[in-house]
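Okay, so subunit A shows up in both of these, paired with subunit B first and subunit C after.
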Partner chain A sequence: MLEVRSFAKRYESRGTVTEAVRDVSFSVEQGELLCVVGPSGCGKSTLLRSVAGLDRPTSGEILVNGTPVTEPPENMGVVFQDYSRSLLPWMTVSRNVRLPLDYKVADAGERQAATLRALEAVGLAGFADHYPWQLSGGMQQRVAIARALAVNPTLLLMDEPFASVDAQTRAELEDLLLQVWQEFGMTIVLVTHDIDESVYLGDRVLVLSRPPSTVATVVPVRLPRPRNQLDTKHDSLFADLRTEVLSAIGAHGQSAPAAH
Partner chain B sequence: MTRRTLLAIEIVCPALAVLAIAIFTSRADSYYFPPLSGVVQSFADIWLSERLVSDLLPSMQRMAIAYAICVVAGVGAGMVLARTPRLMTACEPILEFLRALPGPALIPFGILLFGIGDTMKIFIIVLGAIWPILMNTVDGVRGVDPALLHMARVYRLPRRVVFSKIILRSASPRILAGMRTALSLTIILMVVSEMVGSTNGVGFSVLQAQRTFAVSEMWSGILLLGLIGFLANLAFLAFEKRALFWMRQR
Partner chain C sequence: MTLTTNTARRPEGTPPASRSRRRLGDSQVLLRCSGIAGVLVALELLIRIDVIPRAWFPPVSEIWWRFLQGLGTSSFWGDLGNTLLGWSVGLGLATVLAVPAGMLIGSHPIPASAFRAIIEFLRPIPSVALIPLAVLLWGIDLQTKLFLVTFASFWPILFQALYGVQSVDPEQMQVTRVYRLGRWAAFRHVVMPSTAPYIATGLRISSSIALALSITAEIVVGAPGIGRSIMLAQASSATTDMYALILATGLLGWGLNSLFLRIEKAALHWHPSYRQEKR
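For the complex of A and B:
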């Protein structure tokens, strides 16, 4: 579904070349949920932005369904870290969610139905006429998720989507994500700096090394689904996988970042 | 202090000031400061009758047309300049010079070019009042959060939609601030251009009254100009509050 081949990213400013990403290759299966972790500055967000078509790799290739990415692909949803900056405060929740559909789906009834379905999926059907600033941070991020769902994406990209909310809300949103993933069945690539989160959510965890980054390791997560915050996190396998990811970052990163 | 107390002060203070002026002018017996009652009387006589059509209306018309041109051209040019950095770099020194040039300084040139008709006045007003709108639009558009533009690209929103629904809206607080400054400049330049070369208008009337020693009449015109400015600003604030409703709760 998604294929990244020898992705490399270098920045040049005033004659000095900074090599952020040296060589990263991986592929993601249809319907898979891949988490990407790595030490800070390893270029995981750059990688995601390039998959989204917002940035270009210095060298290498990104293919979505066999087509090279040169601009944002169709049927893709993206959820950014900073919900407050990606929602339009002058539009109601439902207008925000419907905005991408207005220029994609011709039939008004169909647009309305897709908007409603997306809002229901994130539990915000009752807040359609509210403005984003009338909602809590966690709810605003739900709106951003609903907007991504409304376009009925085959690929959903998430850049540290839960990094700006408190721990309680974060757990709720993680479970919400698993739920909508099941309902909509899209492929998800999620970048996070939270190792617990990556293991809890992912089918596999892709660990990047410190820059200039390469793939340190790929950890398959054999935890059973459906997962839940209590049982899954108490599974001894969860602890093992967590340690595996952490040590992969530790071995290839300068210093192991904390789990939270 | 409660809202009610503040409101009471806000009403009582100006009322006291008006009262003080009324008492002072009624006792002063001064040629320069005719009694307030006389000024109000001549206001009613002049501005609520024939001059409403012959002078007030033309003034308001010039203002409205010139202001509309300022807003449309200022926002339009500002958007284009902000989105084409090279053009902006090329134009910036010229713009800075034109902005620094006092509007009334161009009146002689305006008269030379257009005579003393409406076109000259509109020309002068636009050339003097457009800059805050243009410059603020440039700033506002440059300041649009890149996150919003990324979002727009990801969801493949058409260009015109990005402009109208995201960039323009995002820049609107700055644009409106510029529009407010331009509004008071518009009134100032309207008066000045009418005083220098005109055959009608409120500014013309005030100068004419002074030249014919009709002091009450002169004051009534000044009062009218004050009211126009005050009410225009009030209306603008109401409009701004509505347009920027989404900023109040942030």
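For the complex of A and C:
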């Protein structure tokens, strides 16, 4: 479904070259939920932006369904970290969700139905006529998720989607994500800095090293589904996996050569 | 006749802070009215007991009475119409020219720097300095008035549009890219709405400037309108008439400004400075 081959990213400014990502390769299966973690500055967001077609790798290749990504691929949904900036304040909740459909789906009834279905999936059907700024942070991020769902994406990219909400809301949104993932069955790549979150959500956790980043390790998460906050997080396997991811970040963080 | 045509040196950015413009409480309204009434009564008294010479300043009540009488004459409404014609057509022209120009210049770094020198040269020219030129070209016709009004009200709108475009949130633009909406949709749904508050502020600033220039043209050039009638009243020592007309211009300016504020508030209800709390 998604294939990243020898992804590398270097920035050049005033003669100095900063090597952010050296060599990252991985692939994601159809319908899989992959979490990407790594120390700050490891280029995980850059990687996601490149998959989204918003950024270009310095070298390497990204394929979505076998097609190289040169612009944002079709049937992709993206949820950014900062909901307060990604939603348009001059549009109501339903208008925000419907906007991508207006340029994609010809039939008005179909657009309306898809909008409603997406809002129902995130539990916001009753807030269609509100403006995003009338809602709480967690609800606003639900709107952003609904907007992504409405286009019926085969690939959903999420860049630290729950980093700006409180712990309680974060847990709710995590469960909401698992639920819509079941319902819509798309492939998800989620970048996070929260190790618990990556283990709780993911089928696998891709751990990046400190920059210049490489793949430190890939941890398969064999926790049973459906997962829930209480049981899953008390599973001894959860603790083991958590430790595994943490030590992978730590170990590769220490030994990584200085960026140049 | 001091005119400040370059009020908009820097963008005001957002519409006026509305926290203070919330609905006033009854007691505040009362306080305001009593303030105005107090000043008027004091003025009236000072004139009645000859502290202020009557020859320069007739009693407020007489001015007010004359103003009300004027409302019944066709000449007043003719003057008002002429002044408003200059104001509206000039402001309209300035808007039509300045909004696209500002957005075009602001949307790209290359035109922004290319036009900077020209703008920096033209903008500081006080419009009144162009009166002789305009008279030379168009005489004392409406065109002269329109030219002056348009020139003066062009700049605030231009700058507001320019800064408005530059303030568009890149994150919102990214959303349009991610969902493959295309350039037109990005312009219509993101660029235009984000720039609108800036343009609205520019319009409101320019509205006052346009009125000032309209009346200036009438006073200096003698184009028909309230300004010319003020001049005529003064020349024929009809002091009360003169003050009544000045009062009319004041009320006109205030009315237009409130009108623009009202439009801004309705159109930009989503903007942080106008938001109503959750129901």
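Please note the rule applied: the second predicted complex is superposed on the first by the 253 of 260 C-alpha atoms of A that agree within 3 Å, B and C clash if a C-alpha of one lies under 4 Å from a C-alpha of the other, contacts with A are read in each partner's own complex, and residues count from 1 in each chain.
Criterion: a residue touches a chain if its C-beta (ideal position, glycine included) is under 8 Å from a C-beta of that chain, and two chains touch if they have at least 3 such contacts.
Being a predicted model, the structure only gives us computed values, none of them experimental.
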Since both structures carry subunit A, what do subunit B and subunit C do when superposed there: clash or fit? clash
So, does A:183 touch the first partner subunit B, the second partner subunit C, both, or neither? neither
Taking the superposition as given, does A:107 touch the first partner, subunit B, the second, subunit C, both, or neither? neither
Return first, second, both or neither, reflecting whether A:129 touches subunit B, subunit C, both chains, or no partner chain. neither
Would you sort A:151 into first (subunit B), second (subunit C), both or neither based on which partner it touches? both
Residues of subunit A that lie at the interface with subunit B and also at the interface with subunit C: 52-54, 71-72, 74, 76, 78, 80, 82, 85-86, 88-90, 99-100, 102-104, 131, 133-134, 151
The residues of subunit A that touch subunit C in their complex are 52-54, 71-72, 74, 76, 78, 80, 82, 85-86, 88-91, 99-100, 102-104, 130-131, 133-134, 151
Within their complex, subunit C touches subunit A through residues 169, 171-172, 174-175, 177-182, 185, 189-190, 193, 270-272, 275, 278
For subunit B, which residues are in contact with subunit A within the complex? 145, 147-148, 150-151, 153-158, 161, 165-166, 169, 245-247, 249-250
In the complex formed with subunit B, which residues of subunit A make contact? 52-54, 71-72, 74, 76-78, 80, 82, 85-86, 88-90, 99-100, 102-104, 131, 133-134, 147, 151
